[in-house]
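Questions regarding the structure given below will be posed in turn.
By letter and in written order, the chains are A, B, C and D; residue numbering begins at 1 in each of them.
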Amino acid sequence: MTTVAILGATGYTAVELIKILLRHPHVKITAVTSRQDDATPIHAVHPSLYGRINLNCENLTPEQIAERAQVAFCALPHTASMEIIPKLLALGVKVVDLSADYRLRDPGVYETWYGHVHTDPTRLGSTIYGLPELWAEKIPGHDLIANPGCYTSTSILGLAPLLAGGYIEPENIIIDAKSGVSGAGRKPKLTIHYPECNESISAYSIGNHRHTPEIEQVLSDACGKQVSVIFTPHLVPMDRGILATMYARPAKEATEEQLLQAMRDYYQGKPFIRVVEHLPGTKDVAYTNFCDMTVRLTRGHVLVLAVTDNLIKGASGVAVQNFNLMQGYEESTGLLP
Amino acid sequence: MTTVAILGATGYTAVELIKILLRHPHVKITAVTSRQDDATPIHAVHPSLYGRINLNCENLTPEQIAERAQVAFCALPHTASMEIIPKLLALGVKVVDLSADYRLRDPGVYETWYGHVHTDPTRLGSTIYGLPELWAEKIPGHDLIANPGCYTSTSILGLAPLLAGGYIEPENIIIDAKSGVSGAGRKPKLTIHYPECNESISAYSIGNHRHTPEIEQVLSDACGKQVSVIFTPHLVPMDRGILATMYARPAKEATEEQLLQAMRDYYQGKPFIRVVEHLPGTKDVAYTNFCDMTVRLTRGHVLVLAVTDNLIKGASGVAVQNFNLMQGYEESTGLLP
Amino acid sequence: MTTVAILGATGYTAVELIKILLRHPHVKITAVTSRQDDATPIHAVHPSLYGRINLNCENLTPEQIAERAQVAFCALPHTASMEIIPKLLALGVKVVDLSADYRLRDPGVYETWYGHVHTDPTRLGSTIYGLPELWAEKIPGHDLIANPGCYTSTSILGLAPLLAGGYIEPENIIIDAKSGVSGAGRKPKLTIHYPECNESISAYSIGNHRHTPEIEQVLSDACGKQVSVIFTPHLVPMDRGILATMYARPAKEATEEQLLQAMRDYYQGKPFIRVVEHLPGTKDVAYTNFCDMTVRLTRGHVLVLAVTDNLIKGASGVAVQNFNLMQGYEESTGLLP
Amino acid sequence: MTTVAILGATGYTAVELIKILLRHPHVKITAVTSRQDDATPIHAVHPSLYGRINLNCENLTPEQIAERAQVAFCALPHTASMEIIPKLLALGVKVVDLSADYRLRDPGVYETWYGHVHTDPTRLGSTIYGLPELWAEKIPGHDLIANPGCYTSTSILGLAPLLAGGYIEPENIIIDAKSGVSGAGRKPKLTIHYPECNESISAYSIGNHRHTPEIEQVLSDACGKQVSVIFTPHLVPMDRGILATMYARPAKEATEEQLLQAMRDYYQGKPFIRVVEHLPGTKDVAYTNFCDMTVRLTRGHVLVLAVTDNLIKGASGVAVQNFNLMQGYEESTGLLP
């Protein structure tokens, strides 16, 4: 049994995390923290948790967290994460960090994209990027895992097999990504106010979305070549789900069936990847930890389509995969079916 | 030609008002005001207005408004309305007030339901409640019209014919009302944050919604008896529209067809009322100034169903009806089809 | 371990049933039947099942079903159910019937509301109505359980405690119910075609919805008095969920807190009922087997509000509760959290 | 005054057409035809038309149409259009054809993409493609205009200025297009059944969508070079709107501002094109005849974003533009604001 704290418990990734961990046979949630909602029962913040968990939101110090939990899931905003995480690690608490603070390897790149100096730069280079489908074997033994972004996972999972197999050119891959609104968080603002974004689709953050360097770093690692992407996120009027429609140039001759087989081979034995022949919709994977993907050849281009639930496979589900691997539990515990 | 100012131009009723008035052959919009968005082009607030109107939001004094406009549509929050309106009237500006400040006749009732002392109580008793389908003839000659609430109009329009005709008992009428999210305004807050209210329906403000006394006052006027209602609003995951499902006890023997005919007779010649035989959906009237209604007899109860677009017939459309009647234009100018 | 067949596997209740049963530690699904989709893999019908179940849809005889399964979940349309169920029972297969065929006690009432002569009338009177929160103890030992309707369960669960406790009058209870679109089934038709029902709410089947006699029969049983309801269903633009807003007259003096306590006491120890103080939204229970409910006193009326997921607690979740009780498994197996 | 018939009046483009034409000062609708709904009032098919038009659907011969109407809007399926149109033209009825039958110049290309031999091939080469923003001057004097497809217009309008100005390479332009569900028509089918497509986004018809050759033909005409596109349509859970996100390679050095200016210059004086600086959402143009567009330079690529309402600017609005130009009315009559 592992005792677990969830830091930043009022957001959407936190509530999904709690639901998954309540199903986990080896976990006991011992603390949920929040700076704003001190002493509020967590079920008053998230009514879907009513009767399922009996904890109040607390504003805890690292020491208090360490007294209660062996592992902390850190669902804090970036910069807040890198402030508390070194203290937790020093106190012997293992951490799965759902923020972006430890994803990028280079502090300069972090500063460029996030606009803050990284205050824990030495740990940056050595932190494992927690994408278990690519390198599950690296995760055990580490006490800090950087959990991937939602657009990031979806894009990387779709492209990695074809890049690693040399099937597509690594440069100028176009990622046209579409996300449900929950990806924008639980803090009310005009752009995601219901009457503004309902019945509308639009692009945003063209050329400057922070998942761009993360996608490039991880894909470059995955294929050993410098990968560059044009990443365009869109906001779709639905709660959950990401669809990445990706356009690449073939690097060698291959049929559609060969490309599908390359995907299947790459993810052999991976319980959450489903290589499908049909065109997947986000609803096929909603509320699950699956990533469905397929590939099409058309007019001299390779199209890769991948879908995930942005809050599960894109955040809290993969966080539990990482947790399981850190703690030596079976990777899919609490996550299947 | 009438010059018109729109006060509180950043909200959803304001943008609908602007769109209607841009189609109006006898109106020139000369000012749009806002306290927060001073000097912002109105099309930057509402991108749908791009290229259609060339005005900046301004923070104008009553005197400046009076210099530019003969009529002001006041789409300010309650209390802000009753602060500026006496000044505008004193300066000779006619006003259609879309707030609740002048709807109730009794300052004590206002204070009870709105929690503020009314600062213009003498005008309260004499202000005309602008529901043209009930008393269009009272509106000409007045320089202040209180524009009805959205739930209010929908409920009143459905019930008035049967109450006035003595077909239903005036007491304990149940109004189960359902509204799209735009009715909650343009200010972001958690309850109408997209991922909170999408894919969900819930009731709110049971027993204390401020449209309750307004419905009772106007229906009592309309039938000459004290009317009481149990009013329950619900939030529906859609942009626009109100459906009021209303349950009353019959006060005399009548067939469904007789009740329908009572509705048709009551609204004879009223261009925006459509008495229908089918069960109306809010989509039938979306983006129009129509109110569709029907009636059913079932198990000893009279059911009245009425639908409107909450921003048009429930706010800005009826405001233009009132404006037309005040100014001597044909009631439906700018509003049909 | 119990072997299970799902009859009528292409609909929405079937896919939910499959998902729940895949999580059930004591169930093996051995057959999924369909008349139209013979030999199609079930995951081709429901892509969300891809990789999770390896069965083809088959058009099986009762004998073939009996060879493979100890229990059949019958998700067939009404009349098709009562045709096959006597044969299955004769072959020793236990049945949870999700259709309406065995819910009503009186064959005449069935004929009136469903327009068909009941071909298995003798079994009608003796079949247990499977609402475990009301009479879980009656279910074990039976080999046929009539699974309740979705509107029915939601309405009954909300009203039963107050009727049983004599807090509300049993006559003329108004049930204004709102349902997501999945309740209308998976067969395409114009009324639930996306562009017709999206962004719209409307009432339907006023005075003649088939859940009416079912609600009255079960509530009358629950309180020992003749209950009558005015039941008005509405279609809401969302996938899942039912909200029943119910209006009753108090039968005796009681505070809101006493009414809430009566609910809590009635459902003491029932794992899927959550009596809450806030106004519940359907999203709070979406994708779960919970029924959240509360009560309000306003203007001399008792308002009961109850929410469920129409496909889970309203169909497949309660079916598994019934199955568990029939088979002697713990009632909540496969269903929590 | 022009008398007008609408052929195929039960679909979504027809109802939008009727609404626009009811606002048109020089049009009288004299016939609405349908093969299925003979003698049904058109408002029974489309309840939003209740009280606004008093015509029954009729199954009329070409001769009967010619007796009543000077112009026919043909909203029939492809192949049905080319069957009736030659007869109407022979009888002196002018036609705006909203189907695809006369859009492609080459009968062989038509046969390849539509799977039917074209039965009126000689007229194919000479029919004007009705995109008034590109060649309004060609339309007057013709008695048959091929109205563009919805994806087609949106894509072409966004790309034409930059192709015509030589700013982008004509080959391998990626068009990632997203459409609301009304674009799929009013005939119920599983893919656009509410619970299937709500809360989901997916791609469809990759590499074989029929708007592909149409986009290429018109853009090649517009810039005098062979244009090739990779066109990927997606279904978005909303009623209305198309967003085309388009990726091209620059053909010459230009700043973002120069590209925007090229767009503005190209559409100088065109009332329905709005070149904007922000990223447009489909809601900005919903229920209007506007096409909003902008351009971004990012990582060596030119991104063009264009939005329309698929039923108005993508179908019925542009049809009325074409009609106005054919008949010598001002192009925007009935369509602004």
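The working rule: a residue touches a chain if its C-beta (ideal position, glycine included) is under 8 Å from a C-beta of that chain, and two chains touch if they have at least 3 such contacts.
Note that this is a predicted model, so its numbers are computed, not measured.
Asker: Go through the assembly and pull out the chains touching chain B as well as chain D.
Answerer: Joint contacts, listed by label: A, C.
Asker: For the pairs A-B and B-C, output the one whose chains share more C-beta pairs in contact.
Answerer: B-C
Asker: Measuring centre to centre, with centres taken as mean CA positions, what chain is farthest from chain A?
Answerer: B
Asker: Just the number, please: Cα centre separation of chain B and chain C in whole Å.
Answerer: 40
Asker: Starting from the mean Cα coordinates of chain A and chain C, work out the distance between those two points in Å.
Answerer: 36
Asker: Need the CA-centroid distance for the pair chain A / chain B, whole Å please.
Answerer: 46
Asker: Among the residues of chain D, which are close enough to touch at least two other chains?
Answerer: As it turns out, chain D has residues touching two or more other chains at 180, 196-199, 237-239, 280-281, 283-284, 286.
Asker: Considering only the defined contacts, which chain C positions touch chain D in the complex?
Answerer: 12, 180-182, 186, 188-190, 192-199, 237-239
Asker: Quick check: in the complex, which residue numbers of chain C touch chain A?
Answerer: The touching residues are 19, 22-23, 47-48, 50-52, 199, 274, 276, 278, 280-281, 283-288, 290, 292, 337.
Asker: Please output the residues of chain A touching chain D within their complex, sorted ascending.
Answerer: 172, 174, 176, 178, 180, 196-204, 206-207, 228, 230, 232, 234, 236-241, 243, 245, 247, 279-284, 286, 296-301, 303, 305, 307
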